[in-house]
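Letters A, B, C, D and E mark the chains as written, and numbering starts fresh at 1 in each.
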Amino acid sequence: ATTLENVKEKGHLQCGVTSGLPGFSQPDEKGNWTGIDVDTCRAVAAAIFGDASAVEFTPLTAKERFTALQSGEIDMLSRNTTWTLTRDASLGLNFAGVNYYDGQGFLINKDIGVDDATQLDGATICIQAGTTTELNLSDYFRAKGMEFKPIVFDTSEQTVQGFAAGRCDVLTSDRSQLAALRSKLSDPNSAKILPNTISKEPLGPVVRQGDDQWFNIVKWVLSVQINAEELGVTSANADDMLKSDNPNIQRLLGTDGDMGAKLGLPDDFGHKVVKLVGNYGEMYDRNVGPDTPLGLDRGINALWTEGGIMYAPPVR
Amino acid sequence: MKKQTIDTRPAGPKPWYDPRVRSLFFQAIAIALVFWGGWVLVDNTLSNMQSRGISTGFGFLNETAGFGIIMNLVPYDATMSYGRTFWVGLTNTLLVSAMGVVAATILGFIIGVARLSSNWLVAKMALVYIEVIRNIPLLLQIFFWYFAVLSNLPSPRQSVDVGGAMFLNNRGLYLPEPMTQEGFGIVWGGILLAIAAVVGVRVWAKKRQLATGQIFPTFKVGVAILVFVPVISYLVAGRPLDWELPALRGFNFGGGITIIPELAALWIALSLYTASFIAEIVRSGILSVSKGQTEASKALGLPNGLTLRLVVIPQAMRVIIPPLTSQYLNLVKNSSLATAIGYPDLVAVFMGTTLNQTGQAVEVVAITMAVYLTISLLISLFMNIYNRAVAIKER
Amino acid sequence: MTESTMKAPKKALRPVKWMRENLFSGWFNTVLTLGVAYMLVTSVGPLLNWFFLDANFVGADASDCTGAGACWLFISQRLNFFIYGFYPDELQWRVDAMFLLLAIAFVPQFIERFPGRKWLGLFGIFGLPVVGYFLIPGGSFGLEQVQSSKWGGLMLTLILAYIGIVASLPIGILLALGRRSEMPIIRGICVVFIEVWRAVPLITVLFMASVMLPLFLPEGVNFEKLARALIGITLWQSAYMAEVIRGGLQAIPRGQYEAADALGLGYWRKTGLVILPQALKMVIPGIVNTFISLFKDTTLVLIIGLFDILGTVQSTVTDPAWQNVAIEGYVFVAFCFWVFCFGISRYSQNLERKLDTGHKT
Amino acid sequence: MHKWYGDFHVLKDLNLNVAQGERIVICGPSGSGKSTFIRCINRLEEHQQGKIIVDDVELTDDVRQIDTVRREVGMVFQHFNLFPHLTVLENCCLSPIWVRKTPRKEAEATAMEYLERVKIPEQADKYPGQLSGGQQQRVAIARALCMKPKIMLFDEPTSALDPEMIKEVLDVMIELAGSGMTMLCVTHEMGFAKTVADRVIFMDGGEIVEQAPPHEFFTNPQEARTQKFLQQILAH
Amino acid sequence: MHKWYGDFHVLKDLNLNVAQGERIVICGPSGSGKSTFIRCINRLEEHQQGKIIVDDVELTDDVRQIDTVRREVGMVFQHFNLFPHLTVLENCCLSPIWVRKTPRKEAEATAMEYLERVKIPEQADKYPGQLSGGQQQRVAIARALCMKPKIMLFDEPTSALDPEMIKEVLDVMIELAGSGMTMLCVTHEMGFAKTVADRVIFMDGGEIVEQAPPHEFFTNPQEARTQKFLQQILAH
């Protein structure tokens, strides 16, 4: 059976997320998940079922995530996962797009008095197991002819705890996470993020290889969100926009054409996604934007029209 | 009722009523089931892996790993292969297990004996120790030692400094590392000589004791030989040994030998936890030796120490060994909790990072499980041999 | 020869004498005593301060933790989460009901002469899982469904341990019987099964169960993550259980087997009516001890992302709203486990003592 | 009939006919194969050569035949082998209920009858552990009788008992013998042999050395080995 | 000498002088304190009041004195208490080697001598578990003798043995008595008492009720309690 059929049969989408990373996916006390990765899953659920809550989340450590996806334990993985060639090619996975452009950076204790990553020779560095970060770090230090000592933790909670406890001088991770992790410190001002970005980290949802329909669904749900922002469709005005005579918006919201049917989805899936979850900008602002505790500027994640690189192929 | 002698085997029954046939039949079914189950499993797995585009085979072991590991007993850097990460992980697992086994055994024996001490306070403290430690999950204890205790050590700049040669901080314990120079062969020679001499003295002392009954202070003399001969040869060779002292370089201490806190926390937690079980085993072992044995030994005039050494412990060992073996096995298995605090053991490195980077879960997990199975069979084998040696001969 | 009513001497000087005999007999003991006493004195004071005197018990959030000692209100504020995980507030009565039934079934086990405590115990072992099966997840009898992903905290810990032990018992019995079978192949299969499971660490088992199991099963067959963790735990546990039960089987004298044979009972009746009842009774303490170690080992599910009690505490100690409460959190979990495990182990020791004397009659 | 343990020939060419209602006492020095012989009869041990025919059923590997024979043969062991987790009554009812499929009520009634016959009806609800050795052995006899066997086998039923208790048990056995039950009894109680046996069999080294009616056996043994054995026994 | 277990007064004002070479048999009903008394002599039990002087050394809390006394006193227990993990020879050599610091060769030679004296030299390399009870007890005697003690204590050395074996052990003890060893022996074997004892002591309720040379003791006991006890014993 195809993944879509399986999901429909189950009645919900099984989505792999991190076990707790503010802004990306984090459960509250009641088990309600929030975050940009979580919203990506919700958008897919909204597209399939017209119900953004038809998702079950499986918290995964970085180590487990690919095995869980490969084995069929989850239907899609939305767990700030970096798109790399190896992962795409040899793990039997497909990356369905990018919902956050990130880069690896360093969080460092202010006391140490280091302003630049090139001064980090000999540092002890906390990382999370099973991430590209682990590999980038080796590359970076090797290229610079510097040495480092990696302390590898299973979960981001433990990584922060290790850093907070002074086990390492530097914590490295994607820059977006650094802000989140820093906010978890007892005194966030004691640490700062170095200006260097040592890698490209395009993060996005992942699906299993071999089911193109499912791959397309996830890819296009994300594209719909980005296009919606570009076209000015928001969850607030989605209903009004149904009356829009902009053909782009009509195709997006399903009032014109059979875009949904081509994917095996209801034609109004775009409307449902935007209405129930919002466009990309909303998703960003709600979870990681400047008004959230993470306070991340759009930066390169701004639309291409606004100087960023968020660019989605057209719904046509 | 009649009985007759006929020189043939009793006539065979119908096959389905013959217990031998029945048993063969059941066994055939069992074997078929196992093979069928195994085949289904393998078939499913292969077809699932194929349909999901997962590569199979062990070729990945030769690919470049590309990630760093903080502690390696075999040479390792990021340019080496995944196969090498396996050895790094395995040696780290073996190291912490061996350290744990030694420490837990020593501690366990001490606490077990303390539990039986005539000193009320000591006995009660041992009791409290045992009851507290063994009733709290090990994972929690590892977290406690790692996050709550070791992390409270000073930062590198405020290190506890022992004579400028040893340093203790929250990055680990730094010890000077001996660097052998040219001419160190003489010292090696001295060490070998000393060991040979000690063995010689022991043999001689035993002979003399057999012959004259005098007991030679073998232990003290042996220690003296072991200390002085190498020292003298060291001096004679012109001190061919440099110590690389750890020193603060940039962020951290460099040089010397480092015991990282992950290792320390894991080691402490494993040892303390297992020791609490071993203590109980030792205690019940000692109690299992009947009072008559101690009395007989006292009646023969043997003092308490000798009674313990010559009469009680040898007999207690018989009771102690089997459960002790399973504690050792548990310790080795529990060392895999390393992954929770980032000690690079087999599970953390190989079944963790390597598995994740290569995605070859089935192969990696199979190798890992095979390793644990081998270790535990080896330990069982070794302990069984020992156990047979100390078993009591009966009629 | 006449003063038959002479009293034992020096009765009045008891405490002094007691101290001399038990604390200060010989220089070695004196040194030990003084050393231990010094350690106690220097550590108990600060610990007391931290635990009680300087600790904060009341308040609403982190800002009320002003004292130098422990911040216990962190625990009381988050207690609900630690006990029920994400289980919906308004449905928590269902969990409470299970806790109550659990208490009703097992507290009487500690009370000698409680009427019908055997039946309560049997209900606890066989009935409770059935009740729980309907009550906790809901979905039938008009109960609202609660996904297993919402289960967590102490409740999840107990469910894991409980089902693990109850389910592993029958499998363990079969394996133990198989291992003592006269059929070499059956015996071989059981030996291999038991030894393999006993040799591998639980976290590899959990890892396999949590992420790899679907790979081994035909496409489309799938269970929940919790169910898979339970399968892993149960199989792993049943190997240990088998060894405990085998110990009991071995302790049954040959005469019992022969007498049952002579009465014409077949293999299964002999085993079910004569051998197993005796063997199981004999190894109850062993079973209880296995339970304790399983109970402690359930904390490892944290590593596969289930929120057991340690998992919930770990996830909250990194909550930015609370600072530096890691130690309080760990102490709380440690205390919870300790109370359970210590209680049960005491119970098993009692039992052991009783069975011991029971044998001699 | 022959039997080997490995290379060790325990039972050599035994040949014995027991008529219905006959009471046979088997004696002989330790290790002579008495127990092995008697255990072969209800197939607790397997024999390798020859035939054992019990009540017209031949004992072979066939499980049905083994079951049939075991139903017809009651056995009392030296060490009682009562089931300690069952009450006396339950011990007695076990086989009737599960093997003979008697209704429980009926089985209990029969059991009480036999318990009365061995003179301990008042102990029915106690556990074996609470009884004295003699009482336990009597329960064991009652348990065997509850199967209503045609033949009773006794393997040194009194040798694990204190002297006072031996009498209790022997009395029950004598009573039983009086009622016409076919009995094979391994014992060294020569008094018992004299009182009830129709035939005494002397075994040594796995062979039947001599068999004779008791008065003849005791007063006028034919074989040297028998004479020697009797001297030892009677010297006590 | 007095001794208490808690509030229980086990030994009441015992007063006894034993001359060198004297052979004393102690008897009395069960629980009368015989074992306790004899165990006090080499301080396996502590006495609370009064003096025990062995070979001019007084037994006090002083460990050195306890050691000295234990070296001079050999003891044989009811349950042998041999060390099962050592061979017979090693059992015998243990104390000579470690306590008396005898060379092993010499110790072994002496041990063999004593093993010959108790008539089991051929068992020297077996383990105690491989011997019969009587043999074990003889090893225990040899082991005690190997210390060349001045006094030997026996606490019911034959009561755990089968009748055939009792004789073996008693023979050894009689031989030993003949060689002039000082002996204190708790036993109910009146035959032995009659043969070798210089004095028989009767204890009851922790007191010495009567002491007398054996023929007088047996033929003409003074106290009512003794008479009653003797009747019981001799009725056997």
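Please note the rule applied: contacts are C-beta pairs under 8 Å (C-beta built on N, C-alpha and C of every residue); 3 or more make two chains touch, one makes a residue touch a chain.
These figures come from a predicted structure and were not determined experimentally.
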item: Pair exhibiting more inter-chain C-beta contacts, A-B or C-D; value: A-B
item: Fitted rotation between subunit D and its twin subunit E in degrees, CA, nearest 5; value: 165
item: Chain whose mean Cα position lies farthest from subunit D; value: A
item: Chain centroid nearest the full-protein CA centroid; value: C
item: Rounded Å distance, subunit A centre to subunit D centre (Cα mean); value: 83
item: Chain centre separation (subunit B, subunit C; CA means) in Å; value: 26
item: Centroid distance [mean C-alpha coordinates] between subunit D and subunit B, Å; value: 56
item: Separation of subunit D from subunit E, taking each centre as the mean of its C-alpha atoms, in whole Å; value: 45
item: Residues of subunit B whose C-beta touches two or more other chains; value: 48-49, 51, 147, 339-340, 361
item: Two or more partner chains touched - positions in subunit C; value: 207, 211-212, 214-215, 219, 303, 314, 326
item: Parts of subunit B lying in touch with subunit C, wherever the complex brings them together; value: 23, 26-27, 30-31, 34, 40-41, 44-45, 48-49, 51, 117-122, 125, 131-132, 134-140, 143-144, 147-148, 329, 333-334, 336-337, 339-340, 347, 351, 361-362, 365, 368-369, 372-373, 375-377
item: Residue ranges of subunit B in contact with subunit E within the complex; value: 209-215, 290, 292-293, 295-303, 306, 310-311, 314-315, 318, 390, 392-395
item: Partner subunit C, residues of subunit D touching it in the complex; value: 42, 44, 67, 70-71, 73-75, 77, 79, 81-85, 94-95, 98-99, 129-130, 143-144, 147
item: Parts of subunit B lying in touch with subunit D, wherever the complex brings them together; value: 1-14, 17-20, 22
item: Sites on subunit B touched by subunit A in the complex; value: 48-49, 51-55, 66-70, 78-79, 147, 151-152, 155, 170-171, 249-252, 254, 261-262, 339-342, 344, 348, 352-353, 355-359, 361
